[in-house]
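Each chain carries a letter (A, B, C and D) given by its place in the written order, and its residues are counted from 1.
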């Protein structure tokens, strides 16, 4: 397969071209709203370590919610199944930032990828690794082999000044006893991990441990094979806001999207994939990214179904 | 009627005796949880200025949500109908501190007596009267003629340290653009007005302007007759958390209850009534207070229906 | 007051003229959609038996949900407080035909004036008075002294053929064990009572027992004074779909509206009022009717607040 | 793998033994409530046509919601993507028979496996294949090669007499214009397909077309490879009521459960699996069935993640 993978990526790039520039760039964060919408990149890293790319795969973008995959993996690596006492792993059927559902469920988020769940994970990770800086940054640097990866300070500042919705969620979690650290400290960590800026190439490399069944770039094990499998399962059922079913139906891979326009997708035992295009569809997922992944699985036998 | 009103109050006191000590004292604020549950007081102030009382009518208690009546009246006095652009006046059919409904209504609280609505009113009042102290305290002192009325600092501190739910509501309001001041400043004012400690006698006097159709104790006008009528209407439809219908059905008066166990009720053109008993029923209203008011309207022609 | 009441009604008629023809006629029932929107009538019947009217007060219209007042009164007359085991009396904060709330409350409707509650009342009334015809028709004929009042067969047929929403509610009630008769039989009764056609004059007369504290036109007692008071209380808190607070605020009277454009309002011990204008406002209440009642209470001392 | 598959099934049977008899048998249908809870069966059919089984794999049970997989496949075979205009394919996050969500979504069910979605599919299938009998029965007979498979008349009758909830859903769908046939006709078809009684062995065979990428037992094609993949994707995200995430996490296979205690699971290109045990866990899925499938994927490389 991988012999002609570069050709497949080139085909996918051409197939995506007609929708480039479509969709709407996230506008609630000024920094994101300023991104040029006509960009698109795709990168693949195989479990053998081969790398392939097409388009704007070397351009930095804000990883946003894709960071939730890394924080979840780090919490599971650090504290096993403890996190599942505090957050469920069911698809939500509600908006990513819904308070209603959280209230109804008495402070237990439906899954770790909704904002509420990611805040609980961030709180848990903060307890495991106190200190100034999120271990997520260190992790993605190590996995991609790129020590230059950094938090975009303007994005972080911009998000902190638009964080009333997340503050509301965090205080609600705390009112139910499901946030143990100070709200501001948790939000700072959360915003920091979301504001990490990376390229498709680096992100594909950083997520490759999930294709390698939990093994890190240096050969050490972050997660057991079972744990890696389970992160993939949560990605498939809950990784796409209110379009998890649509993604499973059209693409058929575990994945996680972010409002910066990136999507990380995993083909277990084969490769990790990162696509990026800033324009979002009505569900908040990258329009070109979704199209590219659908085209990619149509040209390969990678769909898990 | 008022000739034998003292006799009626004494009868009501006797009728309430069997349920004294019943219900549950609010326990989410330690200071409230420590109140002796076996107390009960009732006080009436007529539009002619006569005062009647029975039981523990001279014991201070925490007025809590009853303060929302005063803050609403002060906002209406200061800024006319402006507040109704920011809050509706419909009964909610949901818990007093529901976030789900607020989210669904995109940040417009259903009425000014739910916590969300009262926070919007507090925010509006803070904009109208900036500064350290809530004008509610000054107002109840002036109306009751008791300059000793004060904020119970322990209650206020206790509430501030248990304010995650209200912080969550305030941030959600702010995320919808319906809170203009700093969240902490609004919460401080809100907690301060709720922690005012007063007696039944003083509270009946402080609320008498609503029985006098808007005229204050000193003869000046706070609200127009129409405005006073309208505050009464909002009290009737929304003054009792999820038991507004029950109160209208059993008692038939505009009123507002607080989790401190107090209830302020208005008989337009006749009198204002304050009852107090710390034990709450399942809806969060004073068990003895509800009973007393039902007994009182059964013995008078005061029901408005 | 009543000496110049005719003059007041004439003034109200003039005050309403600018909004006549406004609003939207109910369109989900073809028969209602065909009504000429430029009509408006008002009628008052005092507890002394005097009658006043202005405008199109002698034109028949479909009473629709106003019939729910009569069915509730008849059930309370026949079976005391039993009905309150099956339906609450709280305002709903949701649409009149909401299934979500009913599901959440496990089959106990919030109040007897939502469709769900009215279906439970109709079911109870059917058990009390089995047979072909609803006792509501007989009751309004007797109270108004007009034996010609009848069910509009075309309206009833039209409603039966558009009754999927009500069928859904009825089956849901039955799934919770809160409907004892056959769904079709209950719906037939319900549709029949809603399709009664009456004039403002007759409807004011038919509702006058609530102003007379439960006493019927022939001097016999239908409800105790307390029961009549309580029906009034339920009307105030729940009589206007999602605009109960608005009506209490603007008008200040117990009342019940119907999508046919009629409103029945009660001034306890004084009079009953019926207004009618087919155009509905955004909440489903008569636009001219609401305006007329607000103008009326502004010109009288009838507001209960 | 399949060389020692019989040994694996025997191991799984032993691993399940400690929880046999646990859980609660569905009690809302008398016929289901009467089933002996101590039974457990498992059957596998490979894409090569090999068959393996252990335990009570030859005992008939009521397939209930598993039938929804067949009706969906038949509708897709008959009418391509048309059905997706009428039903979404997102996980619901709500109970399988929720009306609230359906009301909020204005009559478009979240997915074809909730009752609402399955009723829409049944309606569509009825339009495609009018007549007395559901094509589902004919299909499972043909695929399993067992012409004796039949509808359990007692179960069907029992369900029809307890169908108020489904009637409510069907009428609500119709009120939104999303049910075109008569409610009773749709319900009859729906109840009929749910009441089919089959063994694990026959059910594994009947579902094997999904492991064979759409190819029927006779070699003809029911669905395109893409369509089969997509049915599998919907099963994974929506096949387990409110435990889709749990199933993906623990088992990692597309599947569909029924309240009769059966589960059909698919390993694409490898095999179809049917497990059955009548006791249900808190989410309504077979307790022994879930355990068995988790044990099975732990012993094989069949998890798709």
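Everything that follows uses one rule, which is that a residue touches a chain if its C-beta (ideal position, glycine included) is under 8 Å from a C-beta of that chain, and two chains touch if they have at least 3 such contacts.
By chain, with names taken from UniProt: A, B, C, D = Glutaminase.
Keep in mind that what you see is a predicted model, and the values were worked out from it rather than measured.
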Return the chains shared as contacts by subunit A (Glutaminase) and subunit C (Glutaminase), ordered by label. B, D
Compared with subunit C (Glutaminase), which chain's mean CA position is the farthest off? A
Taking the mean of the C-alpha atoms as each chain's centre, how many Å separate subunit B (Glutaminase) from subunit C (Glutaminase)? 32
So, in whole Å, the Cα centroid of subunit A (Glutaminase) is separated from that of subunit B (Glutaminase) by 48
Let me have the rounded angstrom distance from the C-alpha centre of subunit B (Glutaminase) over to the C-alpha centre of subunit D (Glutaminase), please. 55
Please output the residue numbers of subunit A (Glutaminase) that touch at least 2 other chains, ranges allowed. none
Chain pairs that touch, all of them, please. A-B, A-D, B-C, C-D
The residues of subunit B (Glutaminase) that touch subunit A (Glutaminase) in their complex are 98-100, 103-104, 164-165, 167-172, 174-175, 183
Residues of subunit A (Glutaminase) defined as touching subunit D (Glutaminase) within the complex: 88-94, 101, 110-111, 226, 229-230, 232-234, 236-238, 242-246, 248-249, 252, 254, 268, 298, 303-305
